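What follows is a pair of complexes built around chain A, which joins chain B in one and chain C in the other.
What follows is the complex of A and B.
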């Protein structure tokens, strides 16, 4: 069970779904194969490509390097968070607390920046955020409480903590131009905005962890079938605990990018971001039931959400139309993904 | 034990003194306030502090300060509690302009005047209130339009970043800005409007998209400075800030500083301290039986690089 899912990310073509569809099914499959070869079974990539082509036709600026860099830079904040959430979800749990955790960490890193210096501020924030992740991990992993309830509760609890910490005030960094802290959100590495580099690095690291290490396999196994995992000698508690630490680390990294990009923070800056991150994860095809999903597809999910918002704005849609179209596009993407897996658009059985 | 006794003695002495003071001076006015959500942002936090300070400064006023924590149900319960306590006036910062109407009517029926502060009650509640005290957001939009017109010498193309969709403040500022601009400054065109949700990061993202979409932007109007600075951040990163005039509203400390640096053209000054003082003053005057205008706005003057030295830096 677990092995199937881990190898899915290595050789998706071979294991993504069981073979055996004859006739019509097989014909549809050959057609799809002609279009995209390996990508044929990766419906989400096809969907992504379609959107990009669609927007590019209607806006000549959409595919400019300037625009792509700008979208990726902005998407990196939700993106890094979504990577962490992916790991938690693959492990069979949810993490809804990441939105207010992002507010907390951003307020903290920005506030401490002027008080104890950027380096120490980053260190303290990382430790504090890991502490919050550990609370999630203990309650879900060790106490075995329902992750939805725990992290939903933590969502409000951390928001309260943030308000207590800041006393309701906005925090700002005084010397925005001189601090080296600006590198994370505003800087460039080899002409590429740093947030994009960080996002890419985080994706590669987590992909390797999930696809190539024993730990990654244990996460898939735990999410796929807890009981079987425990009887196979996997220490479920530790695995779940670790997934929440990973998620918290990702949040802290996002907070550093956000704080550096904005050079200030409101108390509720991450409000609603948890749902955007979760949307990207689901869009990427990670199963909410756990045990299945890949880091790469979450990256695509993040990109789709980022480029839709950007594309619709470039086309000049009103924001309320944007909300509707965003929803429609998500449905379409998920449908295409499912359809490509089935080999046809509609099926009487799931 | 000893400490407890001391505290008790101190406490009872204080109570006696208060009672004496009450007996000597004119009757103390007892005012209850239920606020929207203290602690959620700097504006509301500063407002509460200023309100308490202003009440302390007036020996004839005693207050019951409550906070609804953004919860409509709690606010309604608090209004009912204040009615039970027979306060002389109730100040309400509505968590929801419509939902508080029945509770406000109850106070009105009980003969307790209600003053609404900061964000007004819904239309059907207007007959039951003694006065509204707060900023005139339509006027603020108009002030911002005049600033923008001045900044661009009456000609140019701009983008607008509005507040959170559905919020009265956002709607009124947008309307005031657009109507005034069309009337007084037809040479300045609004190319696009997008919400920034009062969130600096969101506003920065929106502005990045605008910068890609429009090769020439002469000005940006943001419905508060927090979002205005987000837009400025985006333009600075794209090296286009020099060609763009930024006008905001509700001057924040960051906006004030950006103005001092010459990167930000202007804003509208709205002080939570004035807001709080005005609310208390209005309530006191209502209780004293003075004639108070129904819409009691406190001044929110335009601020720009030239006149900013007349204003102190906002505390939020």
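What follows is the complex of A and C.
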């Protein structure tokens, strides 16, 4: 009942407001807020369920196990990145550099694989990526610069670094079948593709960190109200710095999955991934203002994007139609989220 | 008495560090490279910067408003593709060179409409412009790929590509166009009611509402302006190349925002001007041109530009900190 009410009752209440009586209005608004609150908490599931049902009706292959596994495996790469971005965004900042950071790390891990062996390659790549994350963290956390501009600048700078490192050439791994490195992207653990296992593990770990540890609470506090957080004795600089390190770690993990899956890398492989990751985070209902959001809703956001992409392809649409749909889905999701919170469908802007 | 103009000039430079920076890199490249200091090269710089510059004019208005538009790069590609494709449509076959006119109009209309759509969504839904235009950045790019079927278009009418390399008197047409637009937008921002409202809305939205400004339609107009300029930039760019590719304009939002921020416009809105933006665009143009002439590999240019953007932000923060009793967090 609540669901059928939601869309129907949001619109009239909003238009009624100027002319309706005070008491009636207030009552309508309380009810609206209840329903709105429910929608704000559960709207993402409703949307997800609707999409799944819709695609399942029109394509008989959509709900097969192989298809679901392949969607999840493909979504895991952006998914792990999106988890890290969620932490940064909850802390009240943005990270637009994750896309070019992914290019950098993937090129590096693939290139080093044949030179110093897989284990050392993973170690060096992790350290190098953490270094880039530390630069972000220093500039945003310690120097307190605007995170949008800093990470936009880093997007460009890391793109350049990647090209300098590789000399503009694509890299690939020579003996792709013999190396144990292939386990991360191509392997299976108990019949489940490894990328999915890694994604699930990362999600669980980060969820626990954000929801049940003092550090997680500090991130929420910092993102919610910096001044209050500082006066409560939280060392804001360190918290922000740490969120960027977490984001960089997630990128490194994604890079290892991607490098192992493709066994090679182009220099611009991560271009645009920052947008997809951010889209998943936004779909999950994490506020760009910081202080609100959960890890597991980002997972749902990732799944929605992944299944939309897959479903549209199965229905025979062109590849790029999914970008148009993503456009609409992002705006609708955020709009409904905001509408539910303010209890009015339309904005109060004059 | 005699040192007063000099003194005020120094003060002006201190308040607008971008022009000191331009002076510095100008002198540096003039000494370091024999080909830099030449009239022909200055014309080149103006033409090269006109694309980013046109978009930056519109972006300045949107950013002073306290909003942002990330979809400009995709709009550039859409306008370029429309413009090059439509002039070859069969219904315009008998029009000769006049076939370019409906193509240009359609491209400009598309850009303005997409701007209006962004503005309308920001106005009516109250969703942050960053999210709205982030979605549009992806969606419009998708539209381009669907429309072009991932193909490049080539202009068969040479009159179109001749326009891109033509001159008006001693100056290249595109440079003249850019300078004219700069003057018009500068006038709009500093001498009209709409311009004053841009600062008012960006500075304190609640106060602007109380002062009777209709904030929603006001922001809508600014989004339409930036959409128009992005489309215009797409047209001039495709006219320079005589072609349009679906990947055109990738990362342009990055360059444009860099230029505007270099020019002193604040991300939170309420401050900035067109002369500063012109300086920012020029600085980026001179840097790219100078480094090209000195044969710095394109890879390093990306790193240097990213570093400069962050350095400017850092300096700006340091310079503006004193005087303000900022809470030390």
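One rule holds in what follows: the second predicted complex is superposed on the first by the 282 of 350 C-alpha atoms of A that agree within 3 Å, B and C clash if a C-alpha of one lies under 4 Å from a C-alpha of the other, contacts with A are read in each partner's own complex, and residues count from 1 in each chain.
Criterion: contacts are C-beta pairs under 8 Å (C-beta built on N, C-alpha and C of every residue); 3 or more make two chains touch, one makes a residue touch a chain.
Note that this is a predicted model, so its numbers are computed, not measured.
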Problem set entry | First (chain B), second (chain C), both or neither touched by A:262 | first
(message) Let me test your reading of the model: by the given contact rule, A:346 touches which partner, first (chain B), second (chain C), both or neither?
(response) second
Quick check for you: in the superposed arrangement, does A:215 touch first (chain B), second (chain C), both or neither? neither
| said: After the superposition on A, what does A:74 contact: first (chain B), second (chain C), both or neither? | reply: first
Checklist entry - Taking the superposition as given, does A:313 touch the first partner, chain B, the second, chain C, both, or neither? => result first
Chosen between chain B and chain C, the partner touching more chain A residues is C
Request  = Please work out whether A:61 is in contact with chain B alone, chain C alone, both, or neither, and reply first, second, both or neither.
outcome  = first
* Asked: Given the touch rule stated above, what does A:153 touch, chain B (first), chain C (second), both, or neither?
  -> second
Inquiry  = With both complexes superposed on chain A, which partner does A:163 reach: first (chain B), second (chain C), both or neither?
reply    = both
Chain A positions within both the chain B interface and the chain C interface are 163, 168, 319-320
Counting only contacts in the complex, chain A reaches chain C at residues 139, 143-146, 148-150, 152-161, 163-164, 168, 226-227, 230, 236, 271, 275, 278-279, 282, 288, 318-324, 326-328, 330-331, 334-335, 338-339, 342, 346-350
Chain B contacts chain A in the complex at 38-42, 44-45, 165, 192, 194-195, 198-201, 204-206, 208-213, 226, 229-230, 233, 237, 252-254, 316
In the complex, chain C touches chain A at residues 121, 123-128, 130-132, 134-143, 145-146, 150, 209, 213-216, 219, 250-251, 254, 257-258, 261, 267, 297-307, 309-310, 313-314, 317, 327, 329
As the complex stands, chain A meets chain B at residues 59, 61, 64, 66-67, 70, 73-74, 77, 163, 167-170, 172, 186, 258, 261-264, 266-269, 309-310, 313-314, 316, 319-320
